[in-house]
Each structure stands twice: as C-alpha cells, then as structure tokens.
Amino acid sequence: MNDLGHDLYHQTLMARSRAPRFAGVADAATGVGEGRNPMCGDRVRVSLRCVEGRLTEVRHETRGCAICQASADLMAEALSGAARDDVAALTSEFEEVVTVEGATTVRFMMFRPLVRQKSRRRCATLPWSALAEALAEQGVKTDG
Amino acid sequence: MDDLMAPVRVDLSARRGDFPILSEKVHGRDLVFLDSAASAQKPLPVIDAMADAMRHQYANIHRGLHWMSERTTDAYEAVRSQVAALLNAPSQDEIVFTHNSTEAINLVAHSFGALLKPGQAVVISEMEHHANLVPWQMLRDRAGIELRIAPITDAGDLDFDGLARVLSDGQVGLVAITHMSNVLGTVVDARRVADMAHAAGARVLFDGSQSIVHRAIDVVALDADFFVFTGHKLYGPSGVGVLWGRMALLDAMPPFMGGGDMISSVSFEQATWARVPHKFEAGTPAILEVIGLGAAISYVESIGYDAIARHEADLVAHALRRLPEVPGLEIVGAPVERGGVISFTMADVHPHDIATLLDRSGVAVRAGHHCAEPLMRRLGLTATARASFALYTTRAEIDVLVDSLTRIRTLFV
Amino acid sequence: MDDLMAPVRVDLSARRGDFPILSEKVHGRDLVFLDSAASAQKPLPVIDAMADAMRHQYANIHRGLHWMSERTTDAYEAVRSQVAALLNAPSQDEIVFTHNSTEAINLVAHSFGALLKPGQAVVISEMEHHANLVPWQMLRDRAGIELRIAPITDAGDLDFDGLARVLSDGQVGLVAITHMSNVLGTVVDARRVADMAHAAGARVLFDGSQSIVHRAIDVVALDADFFVFTGHKLYGPSGVGVLWGRMALLDAMPPFMGGGDMISSVSFEQATWARVPHKFEAGTPAILEVIGLGAAISYVESIGYDAIARHEADLVAHALRRLPEVPGLEIVGAPVERGGVISFTMADVHPHDIATLLDRSGVAVRAGHHCAEPLMRRLGLTATARASFALYTTRAEIDVLVDSLTRIRTLFV
Amino acid sequence: MNDLGHDLYHQTLMARSRAPRFAGVADAATGVGEGRNPMCGDRVRVSLRCVEGRLTEVRHETRGCAICQASADLMAEALSGAARDDVAALTSEFEEVVTVEGATTVRFMMFRPLVRQKSRRRCATLPWSALAEALAEQGVKTDG
C-alpha cells in the first residue's frame, strides 16, 4: 500500500510500469496480437515466438496506464519459457485473481484489488486479450 | 461576459448544506466531487419534490378525470411553463420533455431530419459529444444527408472561418453544435453561429447540456431554432431532458415515436397526431422526473445564474492559477470563454491512473475520452482527466485536487 | 391458473401502510384509488431507494473510475440481473432499460422492423393499447410492412381461429400482442400465441405492461422472443421501462438511438456499436429510476406473485359479484381469464360523468377510450369507466365504488 | 350542490341534459358545424338558421356526457334570437366563465366549477366549437 492509499499501485507495479523488462518485439515472432480499449485509447501489442510447443520469447509494446503496462510485463515474464499447453491454465489463474474474491492462487496477486474495482479490470486484462490473439494466429486457443 | 472575469467573488459554499451527499465519506476521506459535468448532485428540494409527489400526489396524467390525476397533470404542465420561462421560449407548447439530451437530439435527427433532402448537409463541430455526432451519422447513412465537420482552433474555440467554409455552398440544412464543450469547457458564441447559419439558409440546434448549468439561456437572444438540455446535469433527476424548438418547425415535423398521448385519434388504418408538444411525447412521460426538474429549476433560479456564473468564474480562475503548479500537468485547451470544466493531462501518468488514485483521496474526477473520441483525436490525445465544477464546488476542494495530484505525480517519476 | 379461482383468499390489506399516499384525503374523503392500471402508487421502499441514492450514493455510471460512479454502476447493473431473474431471462445482457413500454415497442418496431422485408407483415390484435399499434402503423407507412389485425371474440378473448387465418400465408415476421388487455382485463394465452407464431415462422412480442403487475412472468416458459413492460405500473417510478429480447435477435438488430454509451468506438466517418444491451441504451440512462425499479421488484417479490394473484382473484370475484347490483351497470367483456381490470358502462350515465362524480366520493377511476380507440370501436362503445386493482386494493374499496355508483345513477334517472 | 358533492351536477344541468329543449335539427339550416372529442368519442352537431343577421333557430344533436349535453342546450337557448354580431361576445363570455377564476359575468355561471376542473372543460366547450364551425360556414367569425 502506498501513501495514496491504493493497494494496486505498490512498488512492484510501479517499478514494472516505469521500467518494463519485456517491452519490445520478439525476434522472428511466430504470432502477433493486439488488444485495444476504446474507452481510453490504450493499446497492447504482443509478439511471441513459439518453438516446439514452448514460448521461447514473449514481448509487448504497450501504450497504456500503469496497470496495463505492469500487467503486460508480468504476463510476458510469466509466459517466457512456458509450455504452450500451460497458457490456458495461466490465463485462468490470472482471470481468477481479478474476478474472484479471495482467489487462492499466488501468482499475479498484486492485481487482486481489481476484484473490487471492475472499472479498471479491463486495463489489466487487455494484454491477455492481445496474447489470445497472438496465439490464435498459431491455432492455439487459450480459453480452454 | 467580460464582467464575469472581474474579481467580484460570489461564494456559494453556504449552499453545500442543501446537498446531503456532499457530507459522505469516500475511502474514509471527505468526498470532493469534481465530476458534476457528468452528472450533478441533487439538492434537498429535488429529493423532497419527488418523494413528496410519491407520498402525497401522484397518478398518471393527461387523461385522468380524478383529483390525483388532475393535480399531477397540473404539476407536470407547470414545469413546462417553468422551462419555457427558463429558456425565454415564446410558448410553453414549444417545450418537449424527453428522456435526456441524447433522446432530444435523436428526435430532431429523426423528425427534422425527415424534412431534409438527400444532398443537403448537417454541420457539427470537431468538439461534439457523441450524443451530437452519432445521431447525425445515422441520419447520414439512412437518408443520404452529408455530414460536415466545422473545425476548432488549437486553443479549443470554434473556428468561425472554418464554419463559414462548410456553410458556403448553401447546401446546409442544419448546424447542430455544442453550446459548451464537456471536454474543453469552451463556451461557443452561439449567436454568431446562429447568424452565420441563418445567413446560409440553415437552421441551428444548440446542445445546451453543459451550458445551461453555467449560464442563463435565452433562445430568442441566441436566435436558436432548437435547444436541448438534460435534467440530471442541472441538479435534477435522471430520466428527463428537454427539447425546445420553434413552433413552426415542431409543427412541420413528423412524430418520432408512436403510442398513447401523441395521437389525436387513431383507427387501425391511420392515426392523426396530437398537437405540439404532445405529438412528441409518446407514452407515459417521466412524470416524477419532470416534477423533480421543476424543483431543480426553482432551486437554481433562487440562487440566480448571475451568482452561479460569478462563483464559477472564480473557481475556474483559481483552478487555472493553481493546477499549473503540479509538475508535468498540462491543461487542455485555452478557449476564449470557459465554463466550469477543465481537462488536463500529466506527463508520465495516464489519466486512468490519475482518476483511480485521486479517488483514494476522496476526489472524484472523470478520465477517458468523455464521449468525444473524435475531439481526442483532433487534440492528439487518447484520454484526459477532467475536473468539473458545480455551484457547490469550493476553492478548498480545488486545493485538495492540486495537492493530491502533486503527490500522485511523485509516485510515477 | 384454475387454482387462483379457488376461494383461497389472501388479504394484503396490511400492506397498505407501505403506501403513504393511501392515507391522503380527496375532497375530504378517503382516497379510494382504483386507477392503478394507469399507474400504480409507490411503496416506501421505492421512495426511499430513490431518495437514498440521491442523498448517499449517486454519480453518472459506466465510465467513471471513482467510488461514487463505480458503486452507482453496480447498483444500476444489479437491477439488470434482478429484472433478468424476474423474467427468467437466460442472460442479464438481454435486458435493455428504456423510458417506458412505449419506447421499448418503438425500439423493436424500429430495430427489429429494419430486419423485415417489404411485403412481410406484422400482426397485432384488436385489443391493443395505442403503444402497440401506432409504432407498427409508422413502420407500415415507412417500410412497406403490412399490418394485420387478429380479431377478438365478443367475450373479449383473442380469437385463435382468426389468429390462425392471419398467420396462414407464412408472410408474418412478427406477432406483437398484449399479454393482458388494459381495458378488458383479458389475460392472453401467450404460450399458445407463441407456438402458433413460431409454427408460422414469425417472432412474437408480448406487451406485458399490465400482465407483469398481476402474474409471474417466465419468458422461457412463454417461449417469447420479446417482452416489454413499464416500471410505473409495477409500483416503480416513472421514466423507466424494460425490453427483454433473445440475444440472437438483439444482436442482429441495428441500434435505435445514437449517442454516448452505445458505441464501442467512433470517428467522424463511422461508429462501431457497443455490445448488447448497451447498444440500445444511448445517453445517460434513467439511473435513479432503474434503482427505484429494483426496489419495486424486491418489494413485489417479498410479497410474492402467488399472494398477489390470489388477492387479486378475490377482488375481481368480489367486484364481479357486486357491480351488477348497480342498476344499469354493464361489465364490458367476459374473458376466460381476467387480471385486476374491469371496464363498465352505466345506462344513461356517460363514463366521464361517472368518473367526475366518483371523484367527489374520493374514488379514482379512469374514463375514456383508455388509449385503445380501435378496441372501443370493435366493442361499439365510445368510452368506458374502468376500475383497476393493485395489491393494496381492498374489498371495502370495491364496496365504496359500488355504493357511490348506485347513488350517482339515481341522479341521472 | 348535490348529495354527491359536486357543484357542477346541479338541478338545472341535470334537467337540461336529461330533457334538452333545443335538441334536433334547425329547419332550413343555413349553417351546420360539428365538434368531436376523440378522447371520449363525444360529438356535437349544431345546425342554425340565420336570417338578416339574426339567429332565428339554433339546434344541436349531442352524443356526450351531461356537461356536454347541458352546455349544448344552454348555448342554443342563449343564441336563439340573438344577433349574429353578438355571438362573439357570448362566446367570450362563456370562455371567461370556464377559464377565469372569479369571472363576473352571470350567464353560464353553472359551468364555473370547470375553472378548477380543466379535464372536463372540453366537454363544455365542444358545442361552441361546433357553433364556430356552423357560423364559419356562413363566413361569420366568432373569435373576434
């Protein structure tokens, strides 16, 4: 919790939004996807390289708020090196954190306050929409 | 309007007690409500008028022959005269009650639009709310009416040369333009627009959703043909808006919606329309909301537009002085005349983050495109934060805003 | 519905205390309000819900990121789920808030009507309220859609053979029919209408403005495609109505009005629509009224439709027993199933005189054509008097009606 | 005032509505006019004979409520034998009774309660609309 009283905007989130570690474009990307939020003009582009069922690189170019920036970066981090088959599980884990009061998973916990702040939820899920599109390009579904 | 800029300060803070919600706490902080341009809070007379109607005097109106219905009809129709007086409309029969501004503009787009011919054009400006854009796009796509856009200057004023250009071929049937921008605060010189439109053979509609909150309106002095506003921004309830139009125009226009109360006689084969304004009020109207709107108008008039405008000019001046103290803050637009609305951006901080973090200090502002996406594009922005003032806003609240913004900024740099 | 006719009497008179207006005096007499079919009175929970929102928790919804806006959005959207549950709708996204029933029907006539092709037909019945007639006439005249009328029997029931005939050529795109007549009290066998319409390849809309006050509604069990009702008859505020429609239909339909909140993205060139239901809710909705409607629905559900229907069956039975005692009185229609609405005439006494004179005894009834002129013509009448019952109506009030009518009659013969 | 508490439905009005004296059709009518109130289906047809500037006969056929019936009959009575030039004055006199609180004129006083009962006013004015039409047929305006 910061001195402005909001438990979303803590150190990690601010650090990641200020200095993302996975910004940019994946080399020799095998899939690219984009998410847009017309309400605020935010845009996330995700590019990834998938080799033999494994995500060897995931990158994002994000124009958006701190939540969106940090979410994109932490998503890219969590997915880098993951098996393609694990993406669906990670996606639901994230969804659970932001939609279910008292979710028990530990990853992505910093986004938990969004359960009670629906109006900002889309900021955090936008990168995941872009990811879904990037994977769909490869014929991989993330929602099942 | 020059005299409004003079430092004659009117302090309306004693009126805050009339608005019970202003004593609420948000996240343990005093509510600082700077989102009145989206919808204003309601004073006790409005709350009481609606509750009293439901407690003591209510029934459906117009066709009832019993006491409750007659008295409720009287109360409803009395607000029609009240609105006519508020706008200085020549006749109360020119006042049509709608759902909100949006419906009022859709009504004109549909019913006045039906009198336009393919090839004719409607002009709007670059700074319209979607409510005064989308209905005209729909008319364009439905009826082959051209939609033209009058530009604005970089300062955020209407570009009158640009307006002259889009009017020059004489093909324009209607100029539909905001009287005050909900993003830039710009108050448009409406009379000048009307004169130019009329000279070019066009009618003119003013979207007064914002302006009527801050300025006395005189549709005759503005030489308007249509004027619309929405009750919930004028301290009244949601669910009610107003369309004023010249009788000759309203008379010539076909109805918008069909149903009870808007016909004079009907068989399965055909219907004959009731006279104006009833022709445009299909079905059971927003009876309680019209009564609430009447109370809101009485309340505003009891304070007076002069006091409201002076109070607001003071707030705007104070905010324009103090906001630039915040590092990285930039105010959007610098119109010649500004109502109580200020949009701003802050370097390195997204407007959504501003709004969410201000909220934790109890400060309510809007962030986003404010239902004016094309204007955002014109400004080269995707979103702004917006603080808007009402008669109950104080200098001290603006100071809280400025202090909170300064603290938020430190979090991001 | 047979069991409702059984003499299991439910007395709801203890609920009268929830309706403050019922203690009012009219011309020095106790108010006997028998005009609830025009608009019902409001219970305290509705009055309080609206006043509390204005006092404690209010802001414009959907796009606000601050506490007041988020909480008000939650309250508004919660009523959407509540209405979905009330109607047993498959999804809350199928619930569109409108101004009233009239706007809901106009919306369907406009937006579903846009999907019909010239030469196709819309069927209504002989007993429609103007709200379910005029929008279809306007569609007919605008789009070359044929308007067909399904007849009623002399008893005032829908004539199913007649309905079969107008459906027989397979050209009908929509059957739009009242679920309960506001004049005759007839409750229509909606499922049978839906089955016949669907067998003929038509969609079906039920005007539930009256029925939802008296009967639990299950749009799935009725196999409806559209269902509309209006808040102010269901003990809720004016200014809010509901359209339910199947998602696939709503999805395919173009929007009705343009403005804020109904678009996903817009430029000067074009707009993309928001998803259903927002596509159909242009502009600031009736926020306070939706909240009030939610309180009304909770109130009705706390009593239960079963109790309401039984109470009402008792009142109707009592009235049908007692009214014929009045010399010269004739009840209009004898439908198989009747909700709490009874129209009547009295030999030698014009309905208007009945209503005016009843008013002097404190008794409020409607007189006129009840926005159903073509039905009046079908019945060979120009006007009727109508007594309608609500959950707060008592047998004793019906007795006052009967006694007053008897005295009035003596004045005229 | 009757026992039902309404000062409109007194003896004269009820008598006139039950047994009108001027019902029927004027002989060799020189003007006929009709008024309709779609709200209740009421209809008044007025026929009159005007000879050398004088209304020698005024009759009405009325389908309507007691107020409408009585108003038609009392109007016909007041006009019978009147100079055509006096019709405008009589019309305004009637209008005044039903619209102005505390009108001082004495004729038509029984309709005074309509000042406070707007919803029934049209019942009483309907015959006068029909009259206006009947006279217009003769080129005589009543509203000036």
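Which chain is which? They are A, B, C and D, in the order written, and residues in each are numbered from 1.
One rule holds in what follows: a contact is a pair of C-beta atoms (placed from the backbone, for glycine too) under 8 Å apart; a residue touches a chain by one contact, two chains touch by 3 or more.
The chain list, named the UniProt way, goes like this: A, D = Iron-sulfur cluster assembly scaffold protein; B, C = cysteine desulfurase.
Treat the numbers as computed from the prediction; the structure is a model and nothing was measured.
Asker: Return the chain pair with more inter-chain C-beta contacts, choosing between A-C and A-B.
Answerer: When the contacts at A-C and A-B are counted, A-B has more.
Asker: With chain centres set to the mean of the C-alpha atoms, which chain is at the far end from chain C (cysteine desulfurase)?
Answerer: A
Asker: On a C-alpha centroid basis, what's the spacing between chain A and chain C (cysteine desulfurase), in Å?
Answerer: From the centre of chain A to the centre of chain C (cysteine desulfurase) is 47 Å.
Asker: Using mean CA coordinates as chain centres, what's the chain A-chain B (cysteine desulfurase) distance in Å?
Answerer: 39
Asker: Using the average of all C-alpha atoms in each chain as its centre, how far is it in Å between chain A and chain D?
Answerer: Each chain reduced to its C-alpha mean, chain A and chain D end up 80 Å apart.
Asker: In whole angstrom, how far does the Cα centroid of chain B (cysteine desulfurase) sit from the Cα centroid of chain C (cysteine desulfurase)?
Answerer: Between these chains, centre-to-centre, one finds 32 Å.
Asker: Among all residues of chain B (cysteine desulfurase), which ones touch two or more of the remaining chains?
Answerer: As it turns out, chain B (cysteine desulfurase) has residues touching two or more other chains at 27, 63-65, 69, 265, 352, 356, 359, 367-368, 373.
Asker: Where in chain D do residues touch at least two different other chains?
Answerer: Only 38-39, 117, 120 qualify.
Asker: Using the touch rule from the top, collect the residues of chain D that touch chain B (cysteine desulfurase) in their complex.
Answerer: 36, 38-39, 117-120
Asker: In their shared complex, at which residues does chain D touch chain C (cysteine desulfurase)?
Answerer: 2-6, 8-9, 14, 18, 38-42, 63-68, 117, 120, 123
Asker: Give every residue of chain B (cysteine desulfurase) touching chain A within the complex, in rising order.
Answerer: Checking each residue of chain B (cysteine desulfurase) against chain A gives 27, 349-353, 356-357, 359-361, 367-369, 373, 376, 381-383, 404, 407-408, 411-412.
Asker: Where on chain B (cysteine desulfurase) does chain D make contact in their complex?
Answerer: Against chain D, the touching part of chain B (cysteine desulfurase) is residues 63-65, 69-70, 73-74, 264-265.
Asker: Taking the touch rule as given, give the residues of chain B (cysteine desulfurase) at its contact with chain C (cysteine desulfurase) in the complex, in rising order.
Answerer: 20-21, 24, 26-27, 31, 33, 35, 38-39, 41-42, 46-47, 50-51, 54-60, 63-69, 99-103, 105-106, 109, 129-131, 133-135, 137-138, 147, 149, 230, 232, 237-240, 255, 257-263, 265-268, 270-271, 282-289, 352, 355-356, 358-359, 363-368, 371, 373-374, 377
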